[in-house]
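Here come two complexes built around subunit A, the first alongside subunit B, the second alongside subunit C.
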Partner chain A sequence: MKVSRRKFLAGSVAGLGALGTGSAGLRFVRKAEAKSGAGEVRYVNSSCAICTSKCVFRGQVVNGVIQRLEPEPDFPKSRGMMCARGNAGAWTPYDPDRVKYPMIRTGKRGEGKWRKATWEEAYKYIADKTNQVVEEEDGHRSCIGFASSEGTFQEHYWNQFREVFGSPNSLRHPTLCLSSVIRGFQSVFGTYPVTDLKNARYVIMAGANRAEAIFTPDTMDIFSRPKGSYKLIYLDPRFTKTAAKADQWLPIKPGTDMAFALALAHVIIAENLYDRDFVDNFCTGLAELTEHVKQYSPEWAAGETGIAAVDIRQIARELATTPHSVFYPGRRSSWQGEEVQTRRAIAIVNALIGAFDRPGGLLPATNVPMRSYFYEPAWYSQSRPRLESDDVIFLNPRDGSWVAWRDRALKADPYRIRGLFIYKQNVLESVPNRDKSLELFDQLDIIVCIDTVMSETAWHADVVLPESNYLERFDPPNAYGMGGIEPTVVFRQPLIDRLYDTKPCFEIVTELGAYFEDEDGFPLNEYFEGTPEDHARDALADHPGAWEQLRKKAFFAIPKVEFGAYRQDGRRFNTATGKVELYSEDFAGRGLDPLPVFRRPEEPGDDRFRFLVGRHAIHTNSMTAAFPELNWHLPENAVWLNPEPARRLGIKDGDTVRMQNRSGGQVTVKAKVTEGIRPDCVYYAPGYGGISPGKPLVYQRGASQAAILESHFEPISGNALMHETIVEIRRV
Partner chain B sequence: MSNPETTTKAGPVDEQQARRAYIYQTLAALFYSPAEEMGELLENLPATLEATYPQLAPYAADLLAEFKEQQQDLTDLQVEHARLFVGPNTLVAAPYGSIYLEEGRKIMGDTTMNALEHYQAVGLKASKDINQPPDFIATELEFMFFLGHCYLQTQGPEFLERQRDFLGQHPALWIEPFTEKIIEGSTAEFYKLLAVLTQQFIMQDMQALQLAVG
Partner chain C sequence: MSQERKKRWVMVVDPDKCIDCKACDVACKRENKIDAGTDRQVYRNWITSKGVEGTFPHLKQRFEPSQCQHCDNPPCVKVCPTSASYQTPEGLVAIDYKRCIVCATCILACPYDARFKSPQTKVIDKCTFCAHRIAQGKLPACVDTCPTKVRVFGDLNDPDSEVSRLLARHHYYVLKPEKGTKPSLFYLS
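Presenting the complex of A and B:
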């Protein structure tokens, strides 16, 4: 019977065409547009979620549908700008492939068989599995890891859930990004400062590709200024858009920024060009530094960096003698070698030229003071330290160290990880060495993922819980990343009603909490009180009018910070000595170099290349490559290769090549032969080579960075090292 | 209410209208995630089609047989339903009109808003329980059922005209590319049959409405 029905069906399908084309003869079959002019137009302000800048926009909503996201001219941090990525975000709630309902995996992990579930079914599934493995681990809740990503404004609820659940194993984004620059600058200035690029007259950026890695207000402040009003020196092995905008591009050998910075310090001290007033009054360790940098002459640095000694000497002199000069700290610093010490060296140069607490210099980020979100802690008798607590000297307990943690989890050393709860972070695209991450996934009993889209990570989970899109969500005020010279808080309010059956994180963790108990049998949902709106009102209770301003404008700012507060007699810096520490007693006490010591990076070897990562102008890491309007500009990524090795290897522009790293990771990708990269390096843009069929535009198109990156981290801050991967390339 | 058996004192024209409404209601239900109740709905479908558009009745009989052959828990069918219409993969056959009627793979476009205007014109509002875009296939088919029901209640010819206009501006316009995607992409005979049946029924019904209303 089945066979005959199939035959019947095949026959009838073939016959459908006649009826189909017949529709042309139907007079009343025609396309209708919505009535024009009858629309109800509303404007709703909210905050962008497409990168970490969190710009405030005015959303135009016509008849309940978002038409466009316009810049909010009054928002100080973005200087009234809304970038292409932020604009493209208007599509995200209307992506037909977004996650719409809770889904439970029915096939093998990653196979793609799912069934739609109710929230209750999904919660129960998660709780049954999780409670079972916790019981098998003798009640040790540390067997569940919790990953999350910055920028949702609801991440603190996720952290709260982890804490009351009772696991120390939290994994956040900083050790895939900027933990080493934070640690490096803190060790010198006691803070990771912001930079007043608006007033800077002479700027060095080392690898901080601000023209493409957009960060407000920095990107706007420097590139909106007239040519000639400042000088930008840019160091990068790659000719990025920032290189194109710079006065001087120096294709430095990767991993030698510290040598460059130490040589600057050498010249500045040797030629007595340092800011005597600032150094004498606020710094400690000049004598040790003077002795230490004697060995690091520009002639020596030229051999390490590939930058001519005469250039280094000139830059050092210009930097020290031009008023309002600064060596920009940058953000992502997950590069190579001793990253924390490299950042220390850059911070030391800034201290020598007194680029602190003055126009065009560095300034501690001032935040809008808010009342903190309070919740009761939960206490557990069974507790263990974080998995990787012995691997990292300055381990941030909430951030963890992703690579170190993952590699320990794989070996169950010192204990076994049984599950991973993931909030928005795309672990399989953001953590180096995707094969290892997948191997860990294979070992886990339960993987839960909350996301708005079917990321590669969600695709490999057991349960996917759909979060409401950022344009549908109320998110409490956020000050993270909003501190600076113009301290601001932003929040989110819905532009539209929620589509499908999605929930914001707070609702999800509260409801999921009802399926778990603490050690005293107290249900975890009872730890969550109020609503995000209550929390928002509480947070700003000390600022009369702030709530109303938020509802109207989606931001609230306090008066601009005036320079000079730190340059007062007796003012202590947030360091052990209360001074700016050129020499670090703290580091010495921990067995670390108290002054940055340069160690030469490994040579890649003949016809081997150092793989570099970095932003593309229209993409935010792995997040946006599948947005149609952005993907249109770059449908597929390609590996940048210098013409000289390309010739040697017989690779032409557009050829397909296979790259392999030293740990067996492989990708296949097209080649882009370009002078815009050093002959010893290769690079491709992030976000491509996806392994989730839920992201059709990048699924198996191009190559993934996570797939080719080897597993490396540095032990001071725990930051991943993403420029320590050495690859071979062959034409396919 | 919609079952033709319960429509009393109806003339042959009304009976035909009642059957059409019932078919729309049933087809709409079949585009939701498979549930046991679907069996009951499907039971009457072959006979109803036999009396309405007889050449389509075999599809309905096969559809019913296919449903009965499913495993008790319907998991396979639910998984296939999710793969076709829900996700979390790239939808094999996105069940939203704007995907086929507008440029760019996007929901909530101008044609979606036009569908909503059709609903609002007869006093309907979007339900908060479903939260699907207004041009979701099941919603559009349910709306056809609703208009048929209104016609039976009032005998008002405008409800036939409204059916003709809505069908012509919406389901009839995109049912072909939508169902072709199901036929090409589905691994389940049930959904291929549902696709063929829905496509054929809508096209036939469009012609019938044109003849009836002009």
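Presenting the complex of A and C:
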């Protein structure tokens, strides 16, 4: 609770003496300001890099110093907004703890002893170590893993480097994020669609906390509408800010969303409320589905989910009979074991109500067509499959499955991993079970990290290569995640010159490539041609005027998509049958349930709790909690605990507690006793409990999610299971 | 030539749209070069919430964004011994920072707790409705940046402005009407 400033003043004799003694988080901005020249205000448009929404801003540069990142009102996808994180991003080039030059470790890993190196020294160090281990592995370049993160616009250069280097072991973010929802929706509709929330009149959200997990344009499209113009039903074990905005909040038992969705299907079919036109013309498998969901009545689902049968029945009827209704696909990091099948069940409900290719429904994402970036492939005679290729049914070769891969690498099964090259991904904070990740780090001969800041991962690397900040960088056009009903591409151009001895990824991989050879003895840098600017011009060559518009506005848009293209006679969907597949022959053929079968999740047990993950609007996972202007709002995280178990365990609000999971992971954190969570669950926000002094505001402050999450993944999509962690909790 | 009509700047706030995302606070601090550091007392705007109300599972939570109310009858102006606090013809309550002697009487007089001592300028500060941006034809930073467009800013003397139309169509309230301050922030109810 905030102390009012008046009361604070009245109650303090020291009064004003005590005011204004804050730390100087932005001191370095002012230092930079003092150094710069005469009064001059410039505006440069570019694209945000603080989350994956990539919003376009008008960067205000005063005397050569970035002052503001204001929203670009014409950029369609963000609806003319800039969130707290986007605004706070203006600080990042001036972060005093930035990585300012290449560094080579001199002490033990994680000890924090470094020497400043030239780029050439750093490249040579990396190449010597790496070439040596590759030789020891008989030329098997698969012994080096490559991790990378979304949103940089230069990740494809990193992938290119990995490919020409010759390793199949690529690890991207999707299996820590949305692989399962992609797979679930693809299996039904043949696409992972976007949702037209702008026109939706009745929306069910399960776990997708859109008020706090800000996602463009969805968050704006629903919450900027006047109350009463839509109805929002929200399922979440935790009372989030989306719950606060919802017309009905249902604190569902974790892991039972599928039971809820199947019961909706049961009612919609039994009461003949399904969209006969859409189902008859475009779907296959209604007979099998009808038979299958007979067992899943609302009364049955009530026992599984904790949601009253009468509520389920009413929601099913409202969903099926309100025009422009939709069951939002959601995109929370996975829930529990049956994750893909849960998303499948949600997709099936959408098919039944015909929430596809109509206003307020789902629509395949349309992208601005761009010429693809071309490069010569490299061929190696020594090659092995990905480490975890037998663990996941639909394994995306470029994404990998992080948890499965890490757990295999730890056991050197089926082969040894000797090094990890990491581009921006904060492995030690984003992959569940930090202890295991650190254990893997201990086994490696070489760890290279490219980042702008001393992330926890960079802190534990051997060589840190500093990338230029997104406000100092030219990044080629990016369409990834920019598709939708109003498709755009975005790009980045520098607002200011590089402040330190940093380079963008393209330069780094090209220069590093000179220290490696392919099997025929060609240096790898020869695979990299042109500049990102050349690639940018090439990519948009089919769109006259696009390049000029990018330079001016930092985005390029094509006309809005009209509804109805998929509802034409004879139109095939991108599935095996060409129909929307309520029943999946493909799944059956792979030995998977062709229709979603509910399996009851494990009970946590007495005085044990299921650990939940989830967002806060000031957090992009582990990235932003140390930004001073955001940290101000939440200097430390605390574990949410319902008052009922808190009483039983003798825990009071503000007490320090110790949490332990089933695999020995432990954290110490303050307790926040709140009615806003189910009695069988606990939660804390991401980004705290850091282990890098390079992020001083969160260093050893609060608790880390990666430290408490157990190591689980689901075998269909390879997604990490973020809600399969059971913890004990006690007062310290 | 007809004389330009006098403006009356007001803000209409729809609390139902607020998702408590803090964009208004960060944009404001950036725009106005306010570095709070770790000082909890330093902010020009804020979001009031009583937290989660009720007992599980019957819960609700409300968010009410706020800032200086730019009162038509401002107590802060009355108590200021040096006339540092004053009203502009357009209805803004402003501070002439050079005249402020940091007596802090205004902090105590303001019923909305809108004022604080700036760690940067060392004098009393508060929301200015981003008067420097209005002068350039821009919206205040908090209005401009808001993801869900909770705040609508405009001229109440213009009957065609969005603020006038919103207030004509909706029920609304002001904060602490009993204080007789006549605020320029109107909340839709």
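We adopt the following convention: the second predicted complex is superposed on the first by the 693 of 732 C-alpha atoms of A that agree within 3 Å, B and C clash if a C-alpha of one lies under 4 Å from a C-alpha of the other, contacts with A are read in each partner's own complex, and residues count from 1 in each chain.
Everything below uses one rule, namely that a contact is a pair of C-beta atoms (placed from the backbone, for glycine too) under 8 Å apart; a residue touches a chain by one contact, two chains touch by 3 or more.
Fair warning: this is a prediction, and the values are worked out from it, not measured in the lab.
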First (subunit B), second (subunit C), both or neither touched by A:501: first
First, second, both or neither for A:96, with subunit B first and subunit C second: first
First (subunit B), second (subunit C), both or neither touched by A:679: second
Subunit B versus subunit C as contact partner of A:628, first or second or both or neither: both
Subunit B versus subunit C as contact partner of A:636, first or second or both or neither: neither
Which superposed partner A:239 touches (first subunit B, second subunit C, both, neither): second
Subunit A residues contacted in one complex by subunit B, in the other by subunit C: 1-2, 5-6, 8-9, 16, 19-20, 22-23, 26-27, 628
Subunit C residues within the subunit A interface of the complex: 14, 16-17, 19-23, 25-27, 29-31, 33, 35-42, 46, 51-52, 54-57, 59-63, 102, 104, 107-108, 110, 113, 115-119, 122, 141, 144-149
Subunit A to subunit C touching residues, read off their complex: 1-6, 8-10, 15-16, 19-27, 67-71, 79-84, 86-88, 90, 211-212, 214, 219-220, 223-227, 239, 241-245, 249, 251, 617-618, 628-630, 632-633, 635, 642, 644, 674-679
Complex contacts: residues of subunit B adjacent to subunit A: 33, 58-59, 62, 65-66, 75, 78-79, 81-83, 86-91, 94, 96, 99, 101, 104-108, 110-114, 116-117, 128, 131-133, 164-165, 167-170, 172-173, 176, 180, 183, 189, 192-193, 196, 199-200, 203, 206-207, 209-210
Contacting residues of subunit A [partner subunit B, same complex]: 1-2, 5-6, 8-9, 12-13, 16, 19-20, 22-23, 26-35, 63, 65, 91, 93-101, 103, 106-107, 112-116, 454, 458-459, 464, 497-501, 628, 693-696, 699
